[in-house]
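Please find the structures below.
In the two assemblies presented below, subunit A is common to both, partnered first by subunit B and then by subunit C.
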Partner chain A sequence: MTESNTLGDLWEYDVTKILATFLAIYAGYVVMGLISGLPTRGIVATLVQLTLLIALYAMLTLALNLQWGYTGLFNIGIVGFMAVGAYTMLMVSKPPVDPSSAAAASQIGGLGLPVIVGILAGVIAAALLGFVVALPALRLRADYLAITTIAMSEIVRFIFLSSSFQEFSVFGNKIGTGGGRGLIVNFEEPISRIFFDTGAYEGLVTAVNEAMGVQGTMAPVVDTAVISVVLLVVVAGYFWLFKRTGESPFGRVLKAIREDEDVARALGKNTNRFKIKSFMLGCALMGLAGAFYAMYFLGAVNPTAFKPQFTFFVWVALIIGGSGSNTGSVIGSAIFVGVLFQGPLYMKNVVEALFTVASAPPSFAHALSGIGPFIAYMFENISHFRIIALGIVLIVLMKRRPDGIMGHRKETAASIPLIKLSGYGRDAAADGGDAE
Partner chain B sequence: MTTAEQSPDIGSEVDSNGNGHPLVVDGLEKHFGGITAVDGATFHVERGSLTGLIGPNGAGKSTTFNLITGFHEPDAGSVTFNGQDVTGWTPFEIANQGMVRTFQIARELGEMTVLENLMLAPQNQRGEELWRSVTPGERGQVKKQEEALLERSWEMLDFFEIDHLWDEYAKNLSGGQRKLLEMARVLMTDPEMVLLDEPLAGVNPTLEKKLMKHVHQLREEGYTFLLVEHDMDIIMENCGHVIVMHQGSVLAEGEPADIKANDQVIDAYLGEDI
Partner chain C sequence: MRVRMELQTIDTRGQITSQRLLIAGAAFIGVLMVLSLLWGLFVSGSIQFSRLGTLVWDGLMRGLVIGLAGIGLSMTYSILNFANFGHGDYITSGAFVGWGVTYLIAGLGTAELGELLLVGASGNVYGPQLGIGITQTPVAVILGLIVASLATIAVALIVDRLVFKSMRDEEGISLLIASVGVAFALRYLIAFVYTQSNRGTTNASLVPDWSVPLVDGTLAVDAHDLTLLVASVGLMLGVHVLMQRTKLGKAMRAMADNEDLALVTGIPTESVVRWTWIIGGGLTGAAGYLLVLWRGTLTFNFGWLLLLLIFAAVILGGIGSIYGAILGGLVIGLTMTLSQIWIPTDFARAAAFGIMILILLVRPEGLFAGRSTA
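Up next is the complex of A and B:
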């Protein structure tokens, strides 16, 4: 690092890397789509959906990076914190159901507070759950936190599934989790209110329709595009916050805890406080991501949307990107979603558009009868085979590049660049400090 | 390390116990299952001294160290630092009182650079409060303090002659360099008393001299040192006062020459070169 290498330069550098990753993935999708002759509207819609999903994963991965990459806290209950964020937001913001109305029997209402209050409540609830989980576990070894968090996420899911909490009364309002049926997002979320209801927005949709010159309206695609841009702005907010957190004395203590907690304690740091703060901040932002997930992905929330596999996908994104690096977290999310998760599904579309794939054999045993049937079987079950491929990629990555894509890079834990001050620094020849 | 405000004011003041002993250990006991590791250890350390704590393997030196610094909780007895009963305090609370320790095996923070290692140590950093580090206006104050700390870190690197390693990951340092880094890091906390747990284990003779030169220099500046060492020669050459532990309690105490002539000590060390 030279003295001219300021944080500003590094920031530029990181943004370039992230943009390059996004562009490479987009280009891949566009090229594959054009080759196979997929409709333009379909390609654009795919890219927009892809961006939305990458944004969600980037939020979660950044939050996990704070906990694991910086502090070394092993959280495998991510989905539980998301669920708490989502459900709390819904229970607070769903409009109340009039008990005298016909819908009262079948619908579950909420407190009817503004969405922003709901989101805030979701974030706080997730943070508080993080506090409750962390408090006993932080006193024990790291692996106990892992066990506690995954157990917690399942407990949360079963509580939401349970009929006991399906409906209860708060301030005279009938609210609840909806049990197995879940809850519908039956209120206007903020992005719609801010963008979609304005006249300017209709103009935008018309303009896009004309510019694309494709059949059918582009309105749903433009809607999703606006949402994904807003979510990307939220990701940028996460990035900014975690960058500042990491590049500070606070982040330095977190790093020290990750490296050797006893040393940090011996130097007078109240490590439990630091761990709890870091864990709660991460959980709060996982809760926020959960609220977005409910509003912009699910539409209707139910417990099956919060199964543990989601947690492990976020972990895969972090491991690919390189834990300890915020830039790596975003890049890892993009690669995980774009290449490993959605990529195989898209490839299936592409191949099916180009070739006629023979009908798949009815079972795996039949599939083993030859290479042709096997490929057909694989295509039919691509959504399962991609998980196997994911495992292979992880194994190869762990062998070849255990730090992930960006994990080897220094992200200095100080609010100022740690530079060589003038008047200091001797050359190595004067060193007498080598042992043996 | 020349600035006056960093050196604790010693000798002139008398603590609340009415004596000049920063560290008083009284009747410490620690049992691990059926094994008694420390059995009524009682001693004190003079202010501004370099006191040696020796004993054969299994004498309870390291456990005593852990009891004093809060890493173990004693089953009985008390630890008093500057007149303050710190028995059962957590390690970070004790460190914040001005008594810090090093570890027997140098525990560098491997994935952090040498400068990051040093910048970590100082107490009362504003930026350790998360909100101050992220809030726009406050962050300016944090940066200001960080600049001062960076300057101090460079002074420390210069003092220990490891300034050419400033940008190196700590994991890439040699064994001896790690020991120097660890001592530099401990001093960055601005302590009053430093407990060194076998700082010379695995260190070559040249570096051994250098390390001890630094310790003597710092002692003259006013720091108090308690040095645990296995090697008798080092203690005899360097320490003004020696405490010998055997089977969990203090066997003998005194000046190096007296200790050398003490029959009990020789018996305890029987079979080892004294």
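Up next is the complex of A and C:
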């Protein structure tokens, strides 16, 4: 192993690529923020929110990559598994409501078990739902599996939306889904319990306040920053798990199934069992992401948060990054959230800070009266526009670059490097090794 | 591909047993449901004949719309080999353009031209005030229906030219993902032009209705029910004749069966594809327009919400079969309404999806299997 720290060598590491993507997006946001004269606190808060959202998408994209990228299982029911994870976690962990208290009429309690138990229950419930869907559906063609999974995710949403399961009794506790009103996260989630209640944390907030030299407390921003760091650690955990899975004998069979299931079967592998395991693992981790989504994004869980649109956002992230690549999944999530999803909204703020945008005409018909009104109308409806752009990006990617950014790479299915690390890259070709 | 599917269906003895168990279980539950219905009708009287009649009629209306829109989806599914997730938003685009024309004709001179064409986007023009209905403004409705069909055909052809044409040889899944992109772009383009507001389109109080006596009560039927019935059945018969009697129909069936063989035989496949979009798009646009007329409301995402039900119908009937799509549509429509007899209304859609999943498990090739586009 020779020590040559040239940039080119450094670039060969996937971590470098991920970090570079993050840094590029952050730099873009900081520059735009500075141009528009946003206060430092505002810029930092934006970056922290961005990181949080990227972490959530990265978790989901990595789990989807296991199912689609590794095994070739077309799952478009992601929100269904998230919803099951989130709701199960809440129903298990919400504090019970005393039936004699005044709140009993309006509030729905839970079993009051520790949050960790709730999260675990959510993960298991999502995995079990994955099993129920996978057991029969894996025999079907990819497009039938797709339609079955999306139908399942809608059935899940209708069940949570229905007033029939709004309230029921388990072990003498009144629990339920809350129907259309949903459930509030009215307990202390683990990150607060571990970090925020300590004296050291108070010190950190004070230090940040002083360092930033800004008016008002930085506490909310620091809170979110800590949460996003914890979620990034979870993403790293997912990454490690899937990397290990991909390199294991188990992962090799998954990839064989993706390439040609009949061959895998001819070699004596019970492909259905492998597919079910892979599907369940992916669903379990989507359930975990759902539990985090409930605690750190929603605050109050509601069936409308789990519409199929969300599923397709995760798919866009995966396709940008390139299915089959874990690194690509993370990079794709960062680009999706940073550029496509949040970028246009942030741009709108920046432009509004720099220029005075004329008030938008009341309808599209008036917008057609000239270029000025049209731009104003477009600006007013930028949130529609970003989804139109997203659709176009998806189409263009499927036409021009279906492998995304990273999907073209062949990942070695061995746990040990097949070539010497020093020979990686340009030298490898000289050695005559078939590295790629 | 077909051989492989069959291999997978008869995979192991265990799977066949589980499939038989599933059929037996479903049949058992079905018998229980029928018995409880009969008990409710004749013994306990908890279900009235008139209520059952209303549910059947309602389900028939929904089923016709789903079936009509399903024909187009089924045709492209079998001829181009992909599940088009943009189909729902084709429905919406056609409906908006068609209703713009209806508003224009019904409200000419009463409001700004742009407002009328945008179906009252900024909330100054309301359909009920214009008194729109098949009996009050027949010309506006019929022209709107025609324009809705034409607009959907235009959208389908433009999207095909821009997106799908260069992807003909790709796998179905790549096309499916691209069609999701089409769905997003179209839906929010509609929201951008027409806004996201939910508008009422017809004036229900002006539509003539009749009470048909039915054993222990009445069944309410209005003029829009009859319009929907007549228009959709007429269009379905037209497609039937087209498929059975014309050369184009034969070419389409040949292509659905084996594209390469069709090409070798001298069938101009590209032009058949174009006609598929035209026929499918026309029916789809009409279905969307009729649904809005029947329901009296129009939103930017109603087609997307309808899409899964249409998929359910198409899969239920067997991909590629137009009769399958019609039958599947009726089964889905009736399931949605009749399920209310046994389970809460909240689960109407869930019941429809449940039936679809059951059929996929028991008979993945659909009810009309092996009779492609016939």
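Assume the second predicted complex is superposed on the first by the 404 of 436 C-alpha atoms of A that agree within 3 Å, B and C clash if a C-alpha of one lies under 4 Å from a C-alpha of the other, contacts with A are read in each partner's own complex, and residues count from 1 in each chain.
The working rule: a residue touches a chain if its C-beta (ideal position, glycine included) is under 8 Å from a C-beta of that chain, and two chains touch if they have at least 3 such contacts.
What you see is a predicted model; the values in this text were computed from it and never measured.
J.: In the overlaid three-chain picture, which partner chain does A:M152 touch, first (subunit B) or second (subunit C), both, or neither?
T.: Only subunit C; A:M152 stays clear of subunit B.
J.: After the superposition on A, what does A:G199 contact: first (subunit B), second (subunit C), both or neither?
T.: The answer is neither, since A:G199 touches no partner chain.
J.: Go through the superposed model and pick first if A:T271 touches only subunit B, second if only subunit C, both, or neither.
T.: Once the two structures are laid over each other on A, A:T271 reaches subunit B alone.
J.: May I ask you to decide whether A:G37 touches subunit B, subunit C, both, or neither, giving the answer as first, second, both or neither?
T.: neither
J.: Which partner chains sit in contact with A:T245 here, subunit B, subunit C, both or neither? Use first/second/both/neither.
T.: first
J.: Which parts of subunit A are touched by subunit B and by subunit C alike?
T.: The overlap between the subunit B and subunit C interfaces on subunit A comprises residues 262.
J.: Touching subunit B in the complex: which residues of subunit A?
T.: Result: residues 1, 241, 244-245, 248-253, 255-256, 258-260, 262-271, 274, 277, 281, 324, 410, 412-416, 418-421, 424-428, 430-436 of subunit A touch subunit B.
J.: Under the stated contact criterion, what part of subunit C meets subunit A in this complex?
T.: Going through subunit C, the ones touching subunit A are 4-5, 8-9, 11, 15, 18, 22, 82-83, 112-115, 117-118, 121-122, 163, 166-167, 170, 172-178, 180-189, 191-195, 308, 311-312, 315, 344, 346-347, 349-350, 353-354, 356-357, 360-361, 364.
J.: Per the contact definition, I'd like the list of subunit A residues that touch subunit C in the complex.
T.: 74, 136-137, 139-144, 146-148, 150-152, 154-155, 158-159, 161-164, 262, 272, 312, 315, 319, 362-366, 368, 381, 384-385, 387-388, 390-395, 398-399, 402
J.: Inside the complex, what are the residues of subunit B that reach subunit A?
T.: Touching subunit A: residues 69, 71, 90-92, 95-96, 100-103, 107, 109-113, 115-116, 119-121, 123, 125-130, 133-134, 139, 142-143, 146-147, 150-151, 154, 157-158, 161-167, 174-177, 179-180, 185-186, 189, 202-204, 206-207, 210 of subunit B.
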